[in-house]
Every structure is written in structure tokens, then in C-alpha cells.
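Chain IDs A, B, C and D follow the sequence of writing; residue 1 opens each chain.
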Amino acid sequence: MNKRKIAVVITARPSYSRVKTVLSAIQLHPNLELQLIVAASALLDRYGSAVNYIVKDGFEIAAKVFNVLEGENLTAAAKTTGIGILELSTVFDNLKPDVVVTVADRFETMATAIAASYMNIPLAHIQGGEVTGNIDEKVRHAITKLADYHFVASESAKERVVKLGENPEFVFNTGCPSIDLAKEVKENSDSLPFNPYEKYGGVGATPDLSNGYLVVMQHPVTNEYQDSRKHIEATLEAVYQLNRPTLWFWPNVDAGADGTSTGIRAFREQHQLPNVHFFKNMEGKDFLHLLHHADCLIGNSSVGIRESAYLGVPVVNIGTRQNRRDRGSNVVDATYDVQAIKNAIEERISSSKQISNVYGGGDAGKQIAELLEQLPLQFHKTIMY
Amino acid sequence: MNKRKIAVVITARPSYSRVKTVLSAIQLHPNLELQLIVAASALLDRYGSAVNYIVKDGFEIAAKVFNVLEGENLTAAAKTTGIGILELSTVFDNLKPDVVVTVADRFETMATAIAASYMNIPLAHIQGGEVTGNIDEKVRHAITKLADYHFVASESAKERVVKLGENPEFVFNTGCPSIDLAKEVKENSDSLPFNPYEKYGGVGATPDLSNGYLVVMQHPVTNEYQDSRKHIEATLEAVYQLNRPTLWFWPNVDAGADGTSTGIRAFREQHQLPNVHFFKNMEGKDFLHLLHHADCLIGNSSVGIRESAYLGVPVVNIGTRQNRRDRGSNVVDATYDVQAIKNAIEERISSSKQISNVYGGGDAGKQIAELLEQLPLQFHKTIMY
Amino acid sequence: MNKRKIAVVITARPSYSRVKTVLSAIQLHPNLELQLIVAASALLDRYGSAVNYIVKDGFEIAAKVFNVLEGENLTAAAKTTGIGILELSTVFDNLKPDVVVTVADRFETMATAIAASYMNIPLAHIQGGEVTGNIDEKVRHAITKLADYHFVASESAKERVVKLGENPEFVFNTGCPSIDLAKEVKENSDSLPFNPYEKYGGVGATPDLSNGYLVVMQHPVTNEYQDSRKHIEATLEAVYQLNRPTLWFWPNVDAGADGTSTGIRAFREQHQLPNVHFFKNMEGKDFLHLLHHADCLIGNSSVGIRESAYLGVPVVNIGTRQNRRDRGSNVVDATYDVQAIKNAIEERISSSKQISNVYGGGDAGKQIAELLEQLPLQFHKTIMY
Amino acid sequence: MNKRKIAVVITARPSYSRVKTVLSAIQLHPNLELQLIVAASALLDRYGSAVNYIVKDGFEIAAKVFNVLEGENLTAAAKTTGIGILELSTVFDNLKPDVVVTVADRFETMATAIAASYMNIPLAHIQGGEVTGNIDEKVRHAITKLADYHFVASESAKERVVKLGENPEFVFNTGCPSIDLAKEVKENSDSLPFNPYEKYGGVGATPDLSNGYLVVMQHPVTNEYQDSRKHIEATLEAVYQLNRPTLWFWPNVDAGADGTSTGIRAFREQHQLPNVHFFKNMEGKDFLHLLHHADCLIGNSSVGIRESAYLGVPVVNIGTRQNRRDRGSNVVDATYDVQAIKNAIEERISSSKQISNVYGGGDAGKQIAELLEQLPLQFHKTIMY
């Protein structure tokens, strides 16, 4: 019997972390062949070169797709997607996958979805059915309508995909694959197993982490483009005033990324930050170790909603980016306001750990690989109502 | 007060016919400025040069977008869409519309939807919420998820869009604008007001039409690509055997178009067809006159489901292309089978006219223009559940 | 030792015919590996599907590149070239050729030249140094300036490439590979070895060819776009008036192709042509047989200048397309004038055969393969003066 | 009389500086209309945002073209050019210029040349006929072969363009427009008229400039991609050892840019540089003032060859980038070797000013505008031999 060829398209560093266990499970499955395609910002230095981690983790790359068009505007996001379609359709034509897998909701994942569905290749979507509240929201549900199989991360996401008219037979709550990694970390992490400054370099102060520390990760919000600098400044000011040991991660690419990055750079030039260190990126697993031992995660990353639930890390979630997503009781929300952020951080630091399985129990990768082997190959569907 | 700039993107001849009254209503509206963009097959000779009719009808064209990539395969459809995004994002950047309007469900309309939504321009979609059953189905509902306003053509379409999680405040059953034209034709058509052979040329026999005639319009079905030739041959054989005066229209562009076209060409070379005339295209209004006086429409065109309902024309609908669309009692369905098609045609010819308002009452264009003036400008939405 | 990988990009039917013996010689060479890339109009039905002949001739295709953008305008030629660069750079990235070979002067060959030279892949150019007199002229010499090796077809071409500042060490007069085929045909052709009507179908009359016949092949001239219809009409009228057995070949793709095609179609509808048969395309070898036995070749094809010299076929060369190219004494020139064309044809028919080796002696393919194996790999050059 | 529409495409900061006086002269000319198109890295923050200076200088921008594809490889340069053709052909279609002007030899200027020439728009090329010695060399002469008018900067460049087969009637030695600015600066610069640290920020030390200073500007050399880091390190080390007041400018975009940039960043982290300040960019005029008062210019920028000749600034030219370009006696060359660079700098600092008019006398902009008004509009040419 021929192995089923499963093409997975990774377009950004966080997406890679999220589905790493899916990739491993496909690779290990005797009846599946992994065709890993690395595209967009996952290939670029400026955004953390996910590709280096992918290679280091031992995955073979079937094709690289450079499609990020530079430009400080929203037009570039549209054009990046258009170029992505041109390039990915060639790749699919060469690799002839049996199934294409796309992840989550970043704008450029639409290129994967369109190329596959227009070429009559069955399309699987990981992490449909969630709610965000910006352009990602439109993208995510549009991809659901293009996809043939849905591997969702929670019960409420499953309900939502079914409400969208998808056939329940092809909607599966596997839990989120990111929890698979969190499980592994939790089971093997009595203390931080590496020195982050030595291993990842970065810039800024190198505060002592042994008495606890904050982690900050805040991305721009696409359709509040012009506000992204103001938003990051509120967080910067709050962290500056608290003056606790802090590990800060640069945002990933988006229209508006430069607003956020510029904000950070300018703030650093104007202020002494004796307790703050900045990282460009970190391997997913190491980041989870860091998170597991953190006093609090601050920002708007989905890791605060997702892995942090399973790990029980206290989280201050800022702004609208994670609106209406399922969350455990480990999370409190704050507006883009210095005092609100400070208060929330202080409240969280003084609380006890609260753990939740809302995003699954740690075997999503294995479940998804099993389904990819068993599901009937099909690219034709009709809305259920 | 500045007029609202409404960009409408027309990508194919049938889409133009369908929204012509919307264009007129926008153009006539004192507070709206029409920015008409003609793209894809609407510009090309091979597909009936909709652009010539557009110019002749007196519309000014704000931009032309050539984005059809030649190639007898599905990859070309994907690439055409990618190029469309590249080109349309430039056009939108130049024209700076307040709202972009996209029509129906052709694959390349996705380029309009992505360019507009990624650039934070409010997107209006005409004819969402209907059911087709091929790649168009995926496209249509995906566009619904990208769109901010929905102008649907029937009550069941409205219900479906709302079920898809759209805010009912922005879903409007305006009826189908194609009915606006049908209404006008019906009110002014005692007999066929022109000689189709003289006015439109074409090839083949020129049968006498005064004692009734059949009209055939059958398009390939995208994801049954290799079958398209076989499908058209069944219809050709049935029409050949019936040997009645017949007016046959070439299919519009699609992956697979060449299967259908080749089938027709080959059949013509092998058979005498003394009662069949072939047209490449016809102005929408003239086509409706022709339809209004026809004994029966045969094929899989949406005109059989839609305008024919209002006009009460008997219709034999072949195959799956119009599956699950609302239809009046004027329609019977047939499979891709010579005898089934023959029987259905004969049954229809002998029946009485049956009229239905399921797709509206003839004022859709005006309603849509009114809404485009009044609706709040927004490009941010969240799923309703 | 690893074989050198030689990527040859074929973008049109005539280019394929021209370099077929080069492809064979590369394929047969023990130290070379052929990577054949078929692109642009060579893939399309409308332009004679060179790809079918390529497959039939037993060549394996390493990659197909669809890059023809439809559109009846010059912008489409530019965009086709842009898409070609996007696609070919991906192909080269995958195939990692040691040398890229591009042929002649068609506008889209610039895509091959740019992708290869920008990616630091040594570029070989076949048929540089000739003179045409339209956009091809600009393209041909620009490619010379991008290329690292030059395989030219005549002594005067060699001189011209050297004058253009190229290093004479890398300029080789191999003769034209098209002559290799002509040689083979000449040595094996006592009479026409096939019935062209049976083998190639086509449309129109089927005149008896046993007492001689004319062959017509006339392409549009790019930068006289609007005149292409008028030009073809002069030729049509001349051939119509002569009323001899005539085999007419459709033009290949170009901006303006539709002017020529439309002209032919319209003329056929308005005139009876009892002695003219139209072919869409023909295998190169069969065409040479046909030519070898023809009374006269009419039009502006380079075959009139090139293979016809070696075969000694009388030629009426119309218009400016072959201006300033080397020619044997078998050629007379005519303007786009009915009477001039008629007179020239009559003069030619009554002349004796005149043979010339100006374009080589029939071993170009083998010479080029040898050079591709031996030349030092380099992509860096400096003008010689 | 209608004004002639002159489209000038600016793709990078240095190109803008170079042709600024041409833009002014076109704008001021009563019979010309300037259509200024800003593209590629000229739009991007990372490469100094030439666009901001353009706006500040009072030029109106007719269109912006974002076409830089991110990627640390040569494929991205090819794709950037392909996207450039797609975008510029749309822009030209909209603006309908009478003449398109392209500048110098950067890889992406080929997109301008192809779009214009394929669309039958007369193409003028500024700075043809010079010799560089990398991919720019291929690009420059290829553009000469696509261009219809040539505005060259020196007598030897003129001779070279004529040798390339261009019609001498359309080759004009106007001198280099960059000299126009140098002339203005020279006539108005007794001392440095601004404080560069205050006006341009930047990072690093702020050495006292009143007793003389060095200026460094070194770009990567495209086809020595992997060496670009090693090259920059030799210069860094030499400057570090000399320890004189130094103003260092970041390189502009190129494949390999990241090698150079990374080299600088790494060196700064490992060394104290108490006398070196780094600038991202500077207005052309201010840079010339800076240069005029500098003890020595170091690196491989063409400004060392060109403006420095007229100003008489001592120059140490490193490596191959300016090979075979005309130079005045103010220049000495050095290899990529620390000691060689140091020696050359010391020798230069101790020499006297040497002035040359090899690149013109300061009225190039005006001459070019005059020619653009008077030259016959033509896009058809034939090689002269």
C-alpha cells in the first residue's frame, strides 16, 4: 500500500510550535508520509527563523516558499497572500499530496487553503472554530468553509464549526497539539533546565530569575494598525514601573509589526530597563519551560490562553486579541492602560495556580495523525443546512 | 458631503448580467460614486467580452485587471486568483473605495474578497447563502465569512447566511438583481424584438424560430473536470435526436471549459445539426427576451433557476450544478443521460407556464444602492455564536 | 563524477523544433543530464501544444511552467514575463541546474535569462547575435548581455556578439540546430512521406499536392500591433488571387496574435478558398518534409531564412520581421502589398533551387552538447572594452 | 500643446540622490509633466525610506510600488524583479507615460526596463555604459539594449554605449546628475552646515568632528554573497585600529545585505568603538556636505568614484565593486585586507585635494530634461552593426 502523503504548510514560528507534535506523529506513522512546507515569515531571520528550529528538530523540508512582500501597509498582507497562492500551487503540483494541512488563522494561511481547495486536494484545518476578533477571525472561519476536515481544540470550537454548516462527521475535537508539548514539559520540569541568556542571547539586562520573573509577549492587532505603538507603550510603561525581572519576546510579523517593534526600540532608547531582557525567539519547548516557572505571562499571545491553562500559569491578557476564546480561570483581562495592566499583574502574582483541560489532554498530535490516515479522501462538500 | 465610493468588481459575463441593475442604481444615486472594475474573463474575447457590453451600456470603467492565467488545469484557477489579489490590491490602493462589492461564487471572486478584507475595506457580497455543490460552494460561503454586508436573493439564502454566524442586522433579502432585468423584459416583450442570427452572428444552422425553440446553456462542473466532455455529449445527443429548432450558447471560462468546448466542436464535425445554431454570447437583455419566448431552457445555468422562475420558462436542469438551490415549479431535473434529458424536455414542452417570485420582485438593484449609501462603514466583525 | 545538469527552457513550438537536436545530444551525452522545462505557449492547445510533441519524441519533462496571462494587449506580454520569473526561479531552486539554456528572442525568454542570471546560474544563449527589427531585437541583445556562453548560428552573428563586448572565448558559431533536422530530412526525402491532411487534420479545402504547392506561415509583428490584421489580409488576398494549392499555418502566440487570427477567420468567412488548407501545427520534421517539396514558402517565419537556405526552398519573405538577418539567395523580400506579394511568388516559383550553408552544416546539437560539458562554470563577466 | 509625461522610477535611496536634479528639472520644465514612481527599497524603513526625503523635497508621487520579496537568498532578487514587472505594467497602463526613465544598474531596475519596452513605451536610461564587475554589470548593459535613449555620465561611458551597437544620435554625455548636487554643495559649504548627530540620530559614539573625520560606506557585492560578512569585517577592523572619528553608513538592500549588516552588528557587540557613529541614512545634500569636509571616504560606494571626483575628496575604494569605472586621481584602491585598508587610508589622509570633471560639470539634470522634451518618441531600434 502506498503511504498517504500529508503536506503541512508552516507559515510562522508560533504555528510551528503549535503543531510540532502533529508533525512528529505523522512522521512516525507507518502509513503516512510527511511533506513539510515552510513558508512566509517562518523562513525569515527578522521573525525568528522557525526554519532553523525545524531543521534542528530533525524534520526534512520538502519545499520552501518565500512569499513575504515587504511594506509597512495592509496591501502587503494581501499581496503576500497572492504570491503565496502562486508559489504553493506550484509546490502542490510537484508534491501531489493526498491531503494538505493548514494551521489556525494567520492571514497568509488563506493561500494554503485556496491553493489546495482550488486544486481539488482535500484540506484539513487545525484550530478552526475559535473566536478572535480581528482579521484573523474572518480568515479562520473562511478557511473552515474551504476545509474538508476540521481538527479543533475545544468543545466550544467544535460546536461552532458544526454551526457553520460543516458535517459533524468530519469535525473532531482532538484538543490543541500545543498541549501535547506542555504535557511533556510539565512532566519533566522541576526547575528551569537551561540558562536562557546563554542559550538565546538577546539584548538588555540579565536579571536574576531565581526569585521569579515575568514573561511578556505582545503582538500587534491587525485592524488597529495605527494603535499598535500606543498599545505596546502601555505595556512597556507598566513593566517599567513594576521593575521586576522580566523576559520580553519580540512580536512576530504582521501588518503593524513595525509599530510594535518601533515602540519597543524607542522606549529602550529613552529608558533604563535594568530588569528587562529581550529575546527574538526561543524554541517552543524551552519557552514552555520558561512559562511553567514564570510568575505571570503578560501580553496577548494565545499561549496565555492555551498552554498556560494546562500549565496553570497566571496570565494577564491585554486588549482584544484573544476576545471570546475559551479560557481557564488562570487568566485575567486588562485594557491598554498602564494602571490596569499593573494592577492585573500584581493581582495575578499573588494568586494560586489554577489548571484546566479546556484545550485538551496532551495527545492531539497522535489523534490527528490517526485521523489523517483513516479519513476518506474527499474535496467535495455541501453546507449541512 | 463626499459621495461614498463603491467599487464593484465584475469578473465574468454572467456576473455582469446579474448585477447590471445594481450598477445602474449606484450610478444614478446622488450620494454614491461607482468605481467599476472589470477583470478576469469579463475582459477576454474567448469568453464573450463582457467588457464590450459594459462600455456599450454606458458605464465608465475605473480599472481593468487582466489576471486569467492560461492552462488546461486546476492549478491555473488557483494562480488566476493569486494574480487577481496582486492586481486588485493595487487597484484598491489607487481608487480607495469606501466599499467593495463582489458578486456570487466564481473562483476568482475570492481575489476580490481577500484583497478588500485584508486591506480593511468594508466588503459587500451579493448572492451569498445559496447552495451549489462544487468548488463554487466552498467559495461562496468562504466569501460570506469575509464579507461585512450580505445582499441575498431569497429567504432561504438569508436564513443560511444568518446560520453561518453573520449578524442579521447586515443580512438583507433584496431579491436577485437579475430579476430586475427579467421584470423589464417581461413588461415589454410581446414577441422577440430582434433577429438573433443577424444581431449576434454565431455558427451553424439558422432554424425558423416562429414555432418555438429550445435554448441550451451548459457549463462544465469544476470538480468533475474529466467528465465534462461526457456530460456535454449526452446533452448534444439528446438535442440531436429531438431535432427541434435550438439555440445553443457556448460555456463560460472554468477549469474544464475545454472539455465542454471540445465536446461541442467534435460533435459538430461528426454530425449534421440542421436545426441547431451556436452563439458565443448575447447581451443580457436580449438573452432574456429569447428566454421569455422559448419553449424550454436546457442545461445547468443558474438562469434556469432564477430568471426563468420569474418569467415562468420551462426548464430542464441537468446534473448537479444547481443542486439544492431554491427553484420554482417551472424546473425539472435530469441526470447526464440522453434518454432522461429527452424525456424531460418533452414533458416540459407540453406543460403550462408556472411563475414564481422566489428570487425577488424586480427592485433588487435599487434596494442594494440604498443600503450601500446608508450602512455604517465597518470591516470588523465577530461570529454571532 | 557527477553529471552536469543542463536545464533547457522551451517556451514555444518553434523554439522546440529549433533546438530538438540539442536536447537529443544533451540526453545522449554520458556526462550531461537534461532537465527539460516546458513553459508558456509550449503548453497550450491554442498554440499547438508543443508539449505533446516533446512527450511523443521521448523527452522527459522535469517541470512545466504555466505563465501565459491572457489579454489582448501588450501589458499581458510584460506580465507573462513577470510571472515567468516568479515561476522559473522556483523551478531553478528545486532543480539546481549547473547551466541554464535559453533559446532565441521571444519576449518570455527574458524570464529565463533573468531568473538564471540573478540566481548566479551560468546562462547559455542559443541564437544570439542576429538582427530582427522589433521587440525581439531588444530582447535578443539584452539576453546576450545577461548570458555567459553564446552558441550562435552564423559567422555574422558571431561577429555581432563579439562586438557587443562579449568575450570571444565564449562565443561559438555552432551553426543553427534547426539545420541538423533539415539535414536529416534532406537525406531521407525523395517524396513527401505522409499525407498531411490525414495526419494533421486542419480545416478548409484539401487540394491535390502532387503538382506542387505553396506554404504560408505569417506571424504578427509585435510593435506593429494594430497593423497585424491588415498585414495578414494582404497575404490572404494574394494567395486567394493566385489560387494555387496552398498549405497555411496558424501563427504562434504574441501580443497581436488575435489580429492575425481574426483576419484569417474573417477572410475565410467572406471568401471561398477552394485551394487552401489550414493547419494549426505540425511536427517539426514533417514540416521540413513539406517544405522540402514545396514550390515556395510565403510569410515571415524564420524557417524561410534558415532551414530553407540549407534545403534550397524558394522563399517570399514579407515585411520587416526578418530584416537584416543573413539569408541565402533563395529568398526574395516583399512589402505588405497584394501585388508585390503576388509578383514575388510568381518570380520564385519559376526560379531554380539555390542552396546555402550560411546557418551551418547540420551538427550544431552535437557541438553545443560538447561545449556544455567542457566549458568552465561561471556567471561573472565584464564587458571586453 | 499637451505636456510630455515623463515617468521616472526610483527604486532605492542612492538612485534618488543621484537623479534628484533630473526630477527637479523635469518638474520645472514648462513642456514636461513628471510622473514619479517610487518602488522597491526606496519605500522601506529598513533601507532608509527614500520616500520620506522625496516627499520632504516637495515631489508629488504618482504611484508607489511595493515589490521587495523578503528572503535571505538570490531567488528573492529574481522574484522581486518579477513582481516589479507585474506591478509596474499596471502603473504604466494607468499613467500612460510618453517616456519612462530608469536609473543605473540595480537588479530591480530591469523590471522598469522590461515593463516599458514590452509595452512599447520609449525607455530612457541614465548612467549606461559604465563598468562594475558583478550582476550589476549584466543588468546595466542589458538595460542599454532595451533602452531607446541613453544619458551617460562620462566620455568613456558614451563610447561604450556606442560600441554596444546603439545609435550615436541617441547617446548623450550629459555628465552625471549627482554632480549637479555636488556643485551646489561645493559652492555653498565653508563648513559643515548642520550637526549630523542631532539631525540624523543613529547609534554609537559621537566623536568630535572638528579636527577631521572618516566616512565609511560599504555595500555587499552580490555575487560574492557568502563573503560579504568577511569583507565588512576587514573594514571594521581597520577602522577600529585607526581609531579616528568615523561616520559609518549602513548598506542598502541587496541579496547579501544581511551578511554585511550582521557583520556590523556582531562587531559592535564584541568591540568598543569609542570613535565610531552609525547612521542609517542621510539626505543626499547633507551627505555631500559631510563628504566635502571629510578627510577620507572608505568603502565601495559609487559616491567615492563620482561626486568625490568633483569635490576632490580623498577616497579608499575597497574591493571589486567599482572595478573599471572611470576615476579621478583622488581615489586609491585596496583589497579586502585590514592592513591594506589601513595603509591606504593613512596615505590618503596625508595627500592633497585632487579635483576632476570626469563625471560632468553640474548641469546634467537640465540637459536631460531638455532632451526628454525634444527627442522624437520612438520604441523601435535596430543594432547599428
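Just so we're on the same page, a contact is a pair of C-beta atoms (placed from the backbone, for glycine too) under 8 Å apart; a residue touches a chain by one contact, two chains touch by 3 or more.
Fair warning: this is a prediction, and the values are worked out from it, not measured in the lab.
Engineer: Count the touching C-beta pairs: is B-D or A-B ahead?
Structural biologist: A-B
Engineer: Based on CA centres, what chain would you say lies at the far end from chain C?
Structural biologist: Following the centroid criterion, the farthest chain would be A.
Engineer: Nearest whole angstrom, what separates the Cα centre of chain A from the Cα centre of chain B?
Structural biologist: So the centroids are 40 Å from each other.
Engineer: Using the average of all C-alpha atoms in each chain as its centre, how far is it in Å between chain B and chain D?
Structural biologist: Once rounded, the distance between the two centres reads 53 Å.
Engineer: By the touch rule stated above, which residues of chain B touch at least two different other chains?
Structural biologist: 75, 79, 83, 86, 90, 93
Engineer: Which bits of chain D are touching chain B when the two form their complex?
Structural biologist: Listed in rising order, the residues are 63-64, 83, 86-87, 90-91, 93-94.
Engineer: Spell out the part of chain C that touches chain D in their complex, as residue ranges.
Structural biologist: So the residues of chain C touching chain D come out as 74-75, 77-79, 81-86, 88-90, 92-93, 107, 110-111, 114-115, 117-120, 131, 133-135, 137-139, 141-146, 160, 163-165, 223, 225, 323-324, 379-383, 385.
Engineer: Inside the complex, what are the residues of chain B that reach chain C?
Structural biologist: 43-46, 66-73, 75-76, 79, 83, 258
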